[in-house]
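In what follows, structures are represented as structure tokens.
Both complexes shown next keep chain A, but they swap its partner, so chain B is in the first and chain C is in the second.
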Partner chain A sequence: MNSIVLLIVLPLVFAFLIPIFKGLGKYASKIVTILSMLTGMGFAVYFFITLQVPVKAILGGWKPPFGIVLVGDKLSLLFVMIIYILAFLNLFFFDNNFKEHSKFYTLYNIAIAGTAGMILTGDIFNMFVFIEITGIALYSLIAYSGKEQALKGSIKYLIIGSMTSLFLLLGVTLAYHILGSLNLAHISSKFYQIPNNLKFLILSLIFTSFFVEAEIFPFNMWVPNAYKGANIPIAALLAGIVSIAAGYLLFRFRYLYGGMRSFGNMLVWFGVITVVIGEFSAYFTYDLRKILAFSSIGQMGLILIAAGISNDLSVYGGFFQILSHSIAKMLLFLLAGFIIYEAGTENVKKMGGFGKNHPYLTGIFLIGALSLAGIPGLMGFWGKFNIVGGGIAAGRILPISIVLLAAIAESVYLIRVVFHLFKTDEGKIIEKKKIPLGYLMVVILLSLTIVVIGVYPQLLNQVLNDATKIIMNSGSYIRMVLG
Partner chain B sequence: MITFGTIVILGILISLIIWLFFRENKVISWILFILYTGFSFVLLLRLYGQWQYYEAFKSIIYLGNIKIKFTLQNNMLGWIFAILIFGISFFNGLFSLGFSKSKYSKNIVPLWTLILSASILILFAKDFILFFVGWEYLTWPVFFIVNQGKKKFYSDSMYYFALNVLGGMALMLGIWLVFKNTQTLDIKTSISILLSHKASIHTFWLLIPFFIAFLVKSAAYPFHVWAPRAHSSAPADFSPFISGIMIKFGIFGILLFIYPLLSKGFIPGTYHGVPTTAYFLSWLGIITSIVATVLAFSENNMKRLMAYSSVANVGYILTAIFLTTPLGIEGGIFHTINHMIFKVIIFITLAAVYFRTGTADMSKLGGIAYKMPITFMTFLIGIIAAAGIFPMNGFTSKWIIFQAILEKHFYLMAVAMFFASTGAFLYLYRALHSIFLGQIKPEHRDSVKEVPFLMQIPMWIGMILIISIGVFPGLVLKPLIPFFNSIGLPAKYILTSLSKLPGSFGQLNTLNAAIIFGFAAVLVTILFFVVAKHHKKPFMDNYTAGEDPKDWGVDENRYQFAYGFYQPFEKKFLPFFKRSVDMFWQYFGFYTKHLGEWFNNIFKDDNNFGYIAIIGIVIIFIFGGFVL
Partner chain C sequence: MFWLFLIGSIGLVLIGIFGLITRSHLIKLLLSLNILETGINLTMIVLGYQNGGKVPIIHSLLDLTKPINFVDPLPQALVLTSIVIGLGTTALALILIVNYYYKTGKLSLERSENEKENIDE
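Then we have the complex of A and B:
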């Protein structure tokens, strides 16, 4: 079934159609993008539902391990599906600083194509190409708002991104030089032949690039600037969609580092440092967007820890965490757009009165915040709970304890935002503004997802268990791709 | 009939309905609250005796390879807590319905209902996950209730929230540590598996997270700092719930999980037949009560004072429970129940005072006993019970606790506890005097009157309960006999009649004592009317004992003892007790913030640390690859 290529090609085609259609009207390119995301979503859902056995798309007629291969199994198709759904919902953003222009939508489509490609591809050089495509689209998208912070973020991202993609290329070349292959399945089937220190080197070089996308310290210098300056949909895109792809890659490469405890340890400690720095930085700041940015860093650190531990429980929890984080963070960024617009400030302390104007919207914000903080009954709980469980089952009690201490800071700053939104004795009265209907629907839909899955995690049980089995069992993947 | 499921789901639904539709209408929301608690109370009442009853969720949850079927299992301990929680909330709701007419009332029903439905999960959970779910829902709703969206209450509520999140995280860690050792998340099964392991000193580490979680919730030393803050900031009609019920969940957790392990020698080492760890924790209870008692001396805010009193009582309960003797458990549980009743009553009277006067500062009150006689009577009976004087219920349980301590011959402990218990007199009677006796404030002379009958109902019920349990302790202890049998309480400690208090030195017949007491009371009353010369004086004709108030720099209108009453005593003790722990937590928050600032600086624009770090790390990788 070669048709899974469509998931990458469709947005690319639409991206290059946009310049043609842009003359038709102000919203023509937006409508084209919505159409593109809808078709992509339709295909992704169709492929995911009808998927019986894993499929591979062999490009150019070169059979793996020689040619490029796209792999669609339960895991990758699930993630691509969620990327398309979120990318579609993200288009109903609310941002008063946003200027409609066809450039934005072209880049948006390219970024989505890139992330989908990162997930679907089974070839590490191809993965490098998709990371570059996504990166280039994102550099320009972050700078799109034209604010000083955005430009700074974009430049920093560009520097770090291109630096690390060089390292990635170096790692890929090393692997190719030693094993003579670029196919992930082929490499992982032969990876045991390489001496341990070289393994470690190759993996570290490859992972530097993942760390940039996954916002891992110290590869995340760009994050606060980018989230602060970029338009709301871009911040949501970074937090909600790119993080899915980055998290996916961290887990998918378990095929290579699965048996190496030293590399797992390194990932865990990088994750711990990231969590601590992210959470405490967010605890210090009162800037709503920066809080969300630092919170993203913290959450991604937790995902990295799950990848480093990589036993059944933690992989399962890690997937839960990836999904719950991206949904909750996208929800919070979408809400932040309206809150900042109505309050006229990004300082959390000056937002008092918003809760009085829009109690239900603030209630939805509370749901998102509590989900991030890992309160039971919401989606975020299951991720965090399982990662902690996996970590302790693997005997890593010290890192997990540090993470839990940082999680206290996380709960505090998240609930603090809600408090400042709800507080009534500010004296300042914020003018009430009208909420766009489409935006409201999207926000309600996202929050309902968080609650429903949080109360009834069985909905995802089967899917994520399958996904965990795929990650834990590299043999079946190798047989599927090469066989 | 599905009892637990109904209560939980109904609670969540009512909470949602009230929040969505009746947020502004306090009367309707309180009526819904009363109906909910009353209905749940009746449902729960039917479950007495059916200890095998359970409710299981239909579907199975997978966590990785772990399969869990959520089950709510009826049990004696949970049942008695649940009955008290819903009963107390019912009467508290009646009070709040009247209270809702005042401007001090806040609409807290949705969150409160949510807490009540979560409490069912804690009390009847068969596995740790459901327990944890309920536990977390005790934390964040209370944050919003306590601060009421007001900036001035923010830091107080944050003390509560941050410490309780610490407890929650510790609990999560503990649950998984237990899972690692037992491969099960079922509470009862994990206890039996843990006990079948060979006891070693390492098992101590396993329990530390649970200690933190439960001691934070029950506001024991050194986590007591949240209690006075949360009580004083919370709406007046919610403080009874915090003191009466919230902090008891910590006790429940200890009884549920820690006591069965400690009493069966889970951690090696004993001291006079008591596990060493438990012995030290007993002392922690004593320290808690002494610290709280000393801190209560200096309090001017009546709600903070009573909060410290609650902390002190938690100290007695912890001491009793950690003796790990059956008699200690009996005393601990009995005192938990008694404290629930009398402290709720005390806080309700304080709320009534607040309802009429609008202040919680004792130095601004005084002399309202004649204006609010029922409230005064209730408060008086409440503090007599709190001080542990016969014939109120506080006496009976303290009696058993002392018996339990003396049974083990821990005389120093008994003396220390007696010190704390006597200290309670000092601050409780000061509160009584400052609020209700002495000279009335001019502005209260005409405006203050008794609260409406609706708000008096809980007071009447409370008075009856306090006295009747004091005289007939069997009213509480007899229904608990199945539980005491299950923990192996010897037959000589089990009540044979309604009014015979068990003890290690023989029984005390409370009924006989009450008859003598009543006889004496009647005699004194007769003597008072027949013999003594007394005549009524106008209220402002006060008792300056011939002194001119102006000589003392006091206004004629203000002749108040409340402020700085125990000043010499405070000067001796307070610096040590208050500064040490409060300062610790303050500095903790302060340095956390600084840590945040430090990390934040890494991300500043002119900071090149990130790039250098990246290049450094990669160079280390490259060279490290060859060196390794």
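Then we have the complex of A and C:
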């Protein structure tokens, strides 16, 4: 079955249809993009629901391990489906500084194709190519607003991103030189033959590139600039969609580092440093966009810790965390667009009065913020709960306790934002503005998802258990791809 | 020959990393990135290289009867992809740097001394 190729090809086709159709009218490129995301979403949902056994798409007739293979199993198709759904919802953004232009939609489609490719591919050189495709689209998208901060973030991201993807390439070449294969399944079936030091070197080289996409210390200095300067839909794309693909790769490569306790330890400690840096930087700033950016860093650090612990419970929690972080962060960025427009400022301290104008919208912001902070009853709680449980089961008390301390700082600064929104300043009145209907519906849909899954986490139980089994059991993956 | 090749390319990688760490001028950073890229591409070629190896093309069926010392063609194909990606990235980076220079009049990302943290830019 070769049709999962469509999930990568469709947005690419639509991307290059946009320059042709853009002359038809003001909204032509937006309509093409909506169509692209809807068809992609339809195919992804269809493939995911009808999936009985994992499928692979062999490209060009070269059987694995020789050629490129795309792998669609319960895990990768789930993630691609969620990427398409979020990418579609993200199109209902609100940003008054945004200049409608067909270039934006072309790059948006390319970025989605790249992230879908990163998830579906079973070939590590192909993964490098998809990381570069996503990267190049993102560098241009971040610089799209033309602000100084955006250009700064874009240049930093470009230099760090290209440097680390060259390291990834070196790691891939070393693996190829030693094992004679570029296929992830084939490599992981023979990876035990390599001496431990060399394994560590190859994995470190490969993971530098994942660290950039996943906003992990020390490769995350581009994050505050990029989130501060980029337009709202692009910040939401980075926080909500690219982080899914990056988190997925961190877990998928458990096939290679699964048995290595030293490498897992390193991941855990990098994650802890990232969490601490992210949460405390967010605590000391009053810039709404930067708060969300630093909180993103902190959440991704937690995902890395889950990947480093890598027992059943933490992998399950890690997937839950990836999903809940994406949904909540996308919701908060969508809301931030409207808040910044109405308040006319990005300074949290000057936003008083917004809560009075729009109490329901502020309530929805509170739901997203509390879910990020991990308050019981909301979606974000279950991810953190399972990761902490997995950490305790693995006997890593110290990293887990540091993370819990950082979570306190996180809830303080997120609730502080809501407090400032409700506060009323004397003498300063914010003019009330009308909320677009489509935007409002997307925001309500996302917040309902957070609440419903928070109350009934068993809705995701089946799906995420299947995903966890795929990650924990590399044998069946290897048999499926090579057999 | 093999070792000379390998040491040379690793040397280029190290020069590139050194430049990326120590420089702050944007064009110099980009040059370091390109040196690093050349080094890594050469390393890939080296790892597929065989001393006295031949071009991996079969001219006649007789070639298949005796063991031949072929150079591995796959790293070369990978390097081609990598070179093209590098070209695209460099072009994009130059455009971004030019825009940044027009916007700020600077060619360095460092924050100047008297620049205060202003939330509303």
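Note that in this section the second predicted complex is superposed on the first by the 480 of 483 C-alpha atoms of A that agree within 3 Å, B and C clash if a C-alpha of one lies under 4 Å from a C-alpha of the other, contacts with A are read in each partner's own complex, and residues count from 1 in each chain.
The criterion applied here is as follows: contacts are C-beta pairs under 8 Å (C-beta built on N, C-alpha and C of every residue); 3 or more make two chains touch, one makes a residue touch a chain.
Source: prediction; values computed, not measured.
When the two structures are aligned on the shared chain, A:176 is found in touch with chain C, with no touch to chain B. For chain A, the partner that touches more of its residues is B, with chain B and chain C as the two candidates.
By the touch criterion defined above, A:146 reaches chain C but does not reach chain B.
Once the two complexes are overlaid on the shared chain, A:312 sits against chain B while remaining clear of chain C. Using the contact criterion defined above for the overlaid structures, shared-chain residue A:286 touches chain C, although it does not reach chain B. Of the two partner chains, chain C is the only one that A:132 touches; chain B does not reach it. Judged by the touch definition given at the top, the superposed model places A:105 against neither chain B nor chain C. Once chain A of one complex is fitted onto chain A of the other, the partner contacts of A:346 are limited to chain C, with no touch recorded for chain B.
In the superposition on chain A, contact of A:162 is made with chain C only, not with chain B. Applying the stated contact rule after C-alpha superposition, one finds that A:338 touches neither chain B nor chain C. When the two complexes are superposed on chain A, the residues of chain A that touch both chain B and chain C are 152, 159, 163. Within the complex, the chain B residues that touch chain A are 19-20, 23, 59-66, 129, 132-133, 136-137, 140, 143-144, 147, 149-152, 154, 158, 161-162, 165-166, 169-170, 172-173, 176-177, 179-180, 592-593, 595-597, 599-600, 602-603, 605, 609-611, 613-615, 617-618, 621-622, 624-628.
The part of chain A that touches chain C in the complex is made up of residues 125, 129, 132, 136, 139-140, 143, 146-149, 151-152, 154-156, 158-159, 162-163, 166, 169-170, 173-174, 176-177, 182, 286-287, 345-347. Per the touch definition, chain A reaches chain B in the complex via residues 152, 159-160, 163-164, 167, 196-198, 200-201, 204-205, 208, 218-221, 223-225, 276-277, 280-285, 311-313, 315-317, 355, 359-360, 363, 370, 375-377, 382, 385-386, 388-393, 395, 397, 400-401, 404-405, 407-409, 411-412, 415-416, 419, 422-426, 456-458, 461, 465, 468. Chain C makes touch with chain A in their complex at residues 13, 20, 26, 29-30, 33, 36-37, 40, 43-44, 47-48, 74-75, 78, 81-82, 85-86, 88-89, 92-93, 96-97, 99-100, 103-104, 109, 119-121.
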